[in-house]
Amino acid sequence: MNAPLRPNTLAPDPLSITVTGARLTYGGTELFANLALTIEAGITTCLLGPSGVGKTTLLRMVAGLAEPEPPTAIDTSDGAPLHGRVAYMAQQDLLLPWLTVLDNVLLGARLRHERRSPALVARARALLDQVGLAGREADRPATLSGGQRQRVAIARTLMEDKPLVLMDEPFSALDALTRLRLQDAAAEALAGRTVLMITHDPLEALRLGHRIHVMTGRPATIGPALEPPGLPPRAVDDPALLALQAELLRRLAG
Amino acid sequence: MNAPLRPNTLAPDPLSITVTGARLTYGGTELFANLALTIEAGITTCLLGPSGVGKTTLLRMVAGLAEPEPPTAIDTSDGAPLHGRVAYMAQQDLLLPWLTVLDNVLLGARLRHERRSPALVARARALLDQVGLAGREADRPATLSGGQRQRVAIARTLMEDKPLVLMDEPFSALDALTRLRLQDAAAEALAGRTVLMITHDPLEALRLGHRIHVMTGRPATIGPALEPPGLPPRAVDDPALLALQAELLRRLAG
Amino acid sequence: QDKLSVLLDWFVNPDHAPLVVAQEKGFFKDVGLDVTLTAPADPNDPPKLVAAGQADLAISYQPQLHIQVGEGLPLVRVGTLVSTPLNSVVVLRDGPVKTIKDLKGRKIGFSVGGFEDALLGAMLEKHGLTLKDVELVNVNFSLSPALLAGQVDAVVGAFRNFELNQMDIERHPGRAFYPEEEGVPAYDELIIVAHKDKIAGDGRIKRFLDAVERATLYILNHPEEAQAAFVKGRPELNDDLNRRAWADTLPRFSHSPAALDAARYTRFAEFLKARGLIKTVEPVERYAVVVK
Amino acid sequence: MRLLRALITAAVLLALWQGVVSLTGVPRYILPGPLAVADALQRQAPLLVRHGATTLTEILLGLLLGVALGGASALTLASFRTARRWLMPLLVVSQAIPVFALAPLLVLWLGYGMASKVAMATLVIFFPVTTALFDGLRRTEPGWLDLARTMGASRRSVLWHIRLPAALPAFGSGLRVAAAVAPIGAVIGEWVGSSSGLGYLMLHANARMQIDLLFAALVVLGVFAVALYAAVDALIRRALPWQPDTHPAEEKD
Amino acid sequence: MRLLRALITAAVLLALWQGVVSLTGVPRYILPGPLAVADALQRQAPLLVRHGATTLTEILLGLLLGVALGGASALTLASFRTARRWLMPLLVVSQAIPVFALAPLLVLWLGYGMASKVAMATLVIFFPVTTALFDGLRRTEPGWLDLARTMGASRRSVLWHIRLPAALPAFGSGLRVAAAVAPIGAVIGEWVGSSSGLGYLMLHANARMQIDLLFAALVVLGVFAVALYAAVDALIRRALPWQPDTHPAEEKD
């Protein structure tokens, strides 16, 4: 049952991304100036920070969707541009209302004019099953609950088979149990891939992140990485995590 | 600074609502049948449940927005209809893009053709300050981050001065610290009022709820109320809460 | 059978009787012609289209021919359908206007034909008035309604065989002032024009005119049968108005459609030049011929 | 129920019409009463049917062509900035040119047959469809565009799979206008020159003061317009089930 | 930059026009070349200015009235289910009635002055504006309506504060169409009966075979249309800053 979440192509050498000297202003306010962040290859980096600090903007900048100002530099380890190598899950679900749930999951293939092969469809169905939406393939997004919509968006992101995965609060609309289940599934599916994930839940960051950064201040800066022991997904009741949670909250208050 | 959150009119006798025999089907599937729930007067009732179980639908039904089927009965303690006595915060922020942040908070007054008195505006500004958005009054929603939008929606809901308050995952897009702060503010502002709040976070329910219900199954049923000791807002590090959290998770697992 | 396309000046009406009767009675077929008659919505279009080679012949008006030739259209008159003016100035019989003089200070409706103001100007001048003494209003093609409804006090451009009958039927009889009696030289109202460069050696035109002549005489000799042929397949033409117009039009058809009175054309050209509508008076043979 | 409503509407209209005629005393050669028109409708039924058939064909062909061309040009405008910059003024100018100026040209190029009428109907329909769709294509939710961009979609693919479906409701709005103005387009085309069709019949009747026949033809034209509009409206609702259609007056409160 | 582009557009148009004239060999009394028209424009400038001023006044008044009436009727349609059911067919029929059938009536009631022309322009503009706004009013995000309902908003208040602002972009789309068709409305009005205006001038020039003057008047009319469209477009963008306007061809990829 877990197999379909694992990409069926051999992943290329994982990619690392370095952001340096990043600068971005909105209407005169410097959101960040001279911000630096390294997204290490093949692991999950979690980003926490107070609401409105600029996490989404940073993610969009890496995805090529927000226009940074000089002297911003975004470098990849292989030197090639990032365009076309990113899977991006936004803070809103962004489901297309006219497509069925299944077609929303297959959107990437449709947009790239890829053949809708039976294997592809089977993988999409398996992903939907994994996120607990088996049987809803033919429904339209308007008939889904908030959490169900978010799960379709997760499936759509996992469907994209890209070296860099950017996720903006992917589990925010899910109940505690579904969330745990999907954290596990995502961790497994994204193992070996370079992931940058924004979350508001310190425990979630501690479960899933190899490295955890906290972003604070205006202009915002990114603190040093916290590297919890052990491999994700870590157990929720690990006492070490609880100690680190207090540390994270302290940094957040920073 | 906290004063403005407290309604400046004398609250009438708090209202309790009893839902009995509730039945609602979507396209042949019974979402719930013969569901019963009492929303006790003057306290906060929290509702948890797996994604897609029907929490939002139930809330909308109470708000008069979803059409239930017979033999559903929604009774109020004073026998008068609920219409016009509900403050409703939906799962999406539903900010109007053409209004400024301040005008969005003042939407209710505008829609009811109430005079935009200086006192009213001052209260709206104070609420915005309370949710951490002082200085953003004149901005449009499009320039806000996800969490900032949600905070405007919270301010708008608190601005409405109604006996029954319905909130659907009001803090889902907020970081841990902002969330704690706003939980406290909301608990204070809503003290003595009848509140039904949907949340996915068991700890949040335990902090804020006088009574906590878990909704599970299809057709969904509502379990017995869990009544944590002490008065909300309870401290996060209360060890009693952690024990109850495990109990809640067990109930959620159904 | 040679094909021949003919553009009418307006929708089929009794003015076109010789053409329609020739068609219905097979006179065109008898001279080896397969004629199509097409009605335009704007009477100004047919000469342009003949000049552009879109049709072989067009029904037009003599005053317009002078203007068109003056503007450089390669047109030439080859035949005459109606050899008197039909145009007239019409007022309500029981209205305040009894003579042209009474038009002073009044509203006059016209349907733009390009020549009505010149015609009216000449008529007014004979009575000591000028165009400045009246207000001209374009009423498009609603001449009699505008007059009957009292929107204007007179109309110019009304056809004596048509609008007068129309008003009579509506029980508001009209009074006509005839231009040729009020200082405007007589002219041919309806003529047949062709492209200047295409008539040489085109035997079809001569045969066409022969058939039209034959039809005209047939109408004079057998008015009843001709009328029946005219409304055959055009039931909408079989009403009181058209029957009356038919009777009033009969005497005005040219009995010799191919014949040309060159002096009459020169006289009229000089009139138009005097009114400023054309710049030069060209020799008649440049724009009106007798087809051999 | 709907039929009943339609009948009542018609009855009220007729009553209003009769009222205007009776009250203002409009002479019948300007506005005949409904009875006279009903009589003409009945007497001239075969004529109306014959000419109506011609016009209906032109309307439908014009609608087809106009919508196709309008859709294509909106897509072109949306695809190429260059096209937008240079073509838009051209389109706008095309709306301001009265037919009669074009008539000889149309006849010159298309002849007196059906082509010139279909061309006119097309021209009339073309602009509302183009603007509506183009406007819709411009108003796409930016989040969807961002998503598509990260998915490596080409501009054409975004246009086709995101912008176009998102613009369909706006397109529908343009279609409704097109359906309502198509009949007048065909009639204007018939004024260019024709030997059949309701436009021809009307000019004809007008020139002969058969105003009752003119109004009978108008009634037929009105029926066409309403029927077309209703059909297009139903079609649009069917085709866009995901589209919120919240009839304001049906709200409860 | 924009001016330059406009100039180049004009130049390209002229070149195209000249091309058509040269290639197809259309005779000049059907389609005169740009040079002849430019000459007429210059020679007849005072005449064109005088008649153009009349027409421009009619256009602007018609636009004002048409937009006001269209907006009001869309709001009425949206407010009352009854209005929607009974009035919509009427509106549709009103679009299918050719002017010339109405002309005598219009003149009878409004006279030959400016009123009848303004009425025609209004009629032409009215429908696109009504449909566009009405369609926009129907497509409101249901969540907003729910919210307003719980806030105890009356139906009228919802219409005014939620539906209407949400429908403004759609209304803008209708306005654009209206701006483009307003000139033809005024010209048609002038054909109904007039003693000045570009429509009058055109009829006159056509009858006198002064086709160069006719086309010069057309050029002026075209300039009016483009200027109006541009002005309305700019106005709409200004008035709706919150409205996503994502020009498809400006995307990077």
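Labels A, B, C, D and E are assigned to the chains in the order they are written; within every chain, residues are numbered from 1.
By definition in this document, a residue touches a chain if its C-beta (ideal position, glycine included) is under 8 Å from a C-beta of that chain, and two chains touch if they have at least 3 such contacts.
Chain identities (UniProt): A, B = Hydroxymethylpyrimidine transport system ATP-binding protein; D, E = Hydroxymethylpyrimidine transport system permease protein.
Since this is a predicted model, take the numbers as computed values, not measurements.
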{"item": "Shared interface partners, meaning chains that touch chain A and chain B", "value": "none"}
{"item": "Those chains which touch chain E and also touch chain A", "value": "B, D"}
{"item": "Taking each chain's C-alpha mean as its centre, the one farthest from chain A", "value": "C"}
{"item": "Most extensive contact between chains (C-beta pair count)", "value": "D-E"}
{"item": "Furthest chain, CA centroid comparison against chain B", "value": "C"}
{"item": "Gap in Å, rounded to a whole number, between the CA centres of chain C and chain A", "value": "83"}
{"item": "For chain C paired with chain D, centre-to-centre distance based on mean C-alpha positions, whole Å", "value": "37"}
{"item": "Set of chain E residues in contact with two or more other chains", "value": "26, 30, 100, 104, 108, 141, 149, 153, 158, 203, 206, 243, 253"}
{"item": "Of all residues in chain C, the ones touching two or more other chains", "value": "42, 48, 52, 141-142, 145, 149"}
{"item": "For chain B, residues that touch 2 or more chains besides their own", "value": "83, 92"}
{"item": "Full enumeration of touching chain pairs", "value": "A-B, A-D, B-E, C-D, C-E, D-E"}
{"item": "Footprint of chain E on chain B - complex, ascending", "value": "60, 63-65, 83-84, 86-88, 90, 92, 94, 96-98, 107-108, 110-113, 140, 142, 160"}
{"item": "Complex interface listing, chain D residues touching chain A", "value": "141, 143-144, 146-153, 157-158, 161-162, 165-166, 168, 240-243"}
{"item": "Complex contact set, residues of chain A against chain B", "value": "26-27, 48-52, 56, 91-92, 132, 143-148, 150-151, 169, 172-179, 200-202, 249, 252-253"}
{"item": "Complex interface listing, chain D residues touching chain C", "value": "27, 29-30, 44, 47, 100, 103-104, 107-108, 111-112, 190-195, 200-201, 203-210, 213"}
{"item": "Chain C residues within the chain D interface of the complex", "value": "10-11, 13, 38-42, 45, 48-49, 52, 54, 141-142, 144-145, 148-149, 166, 169-170, 235-237, 239, 241-242"}
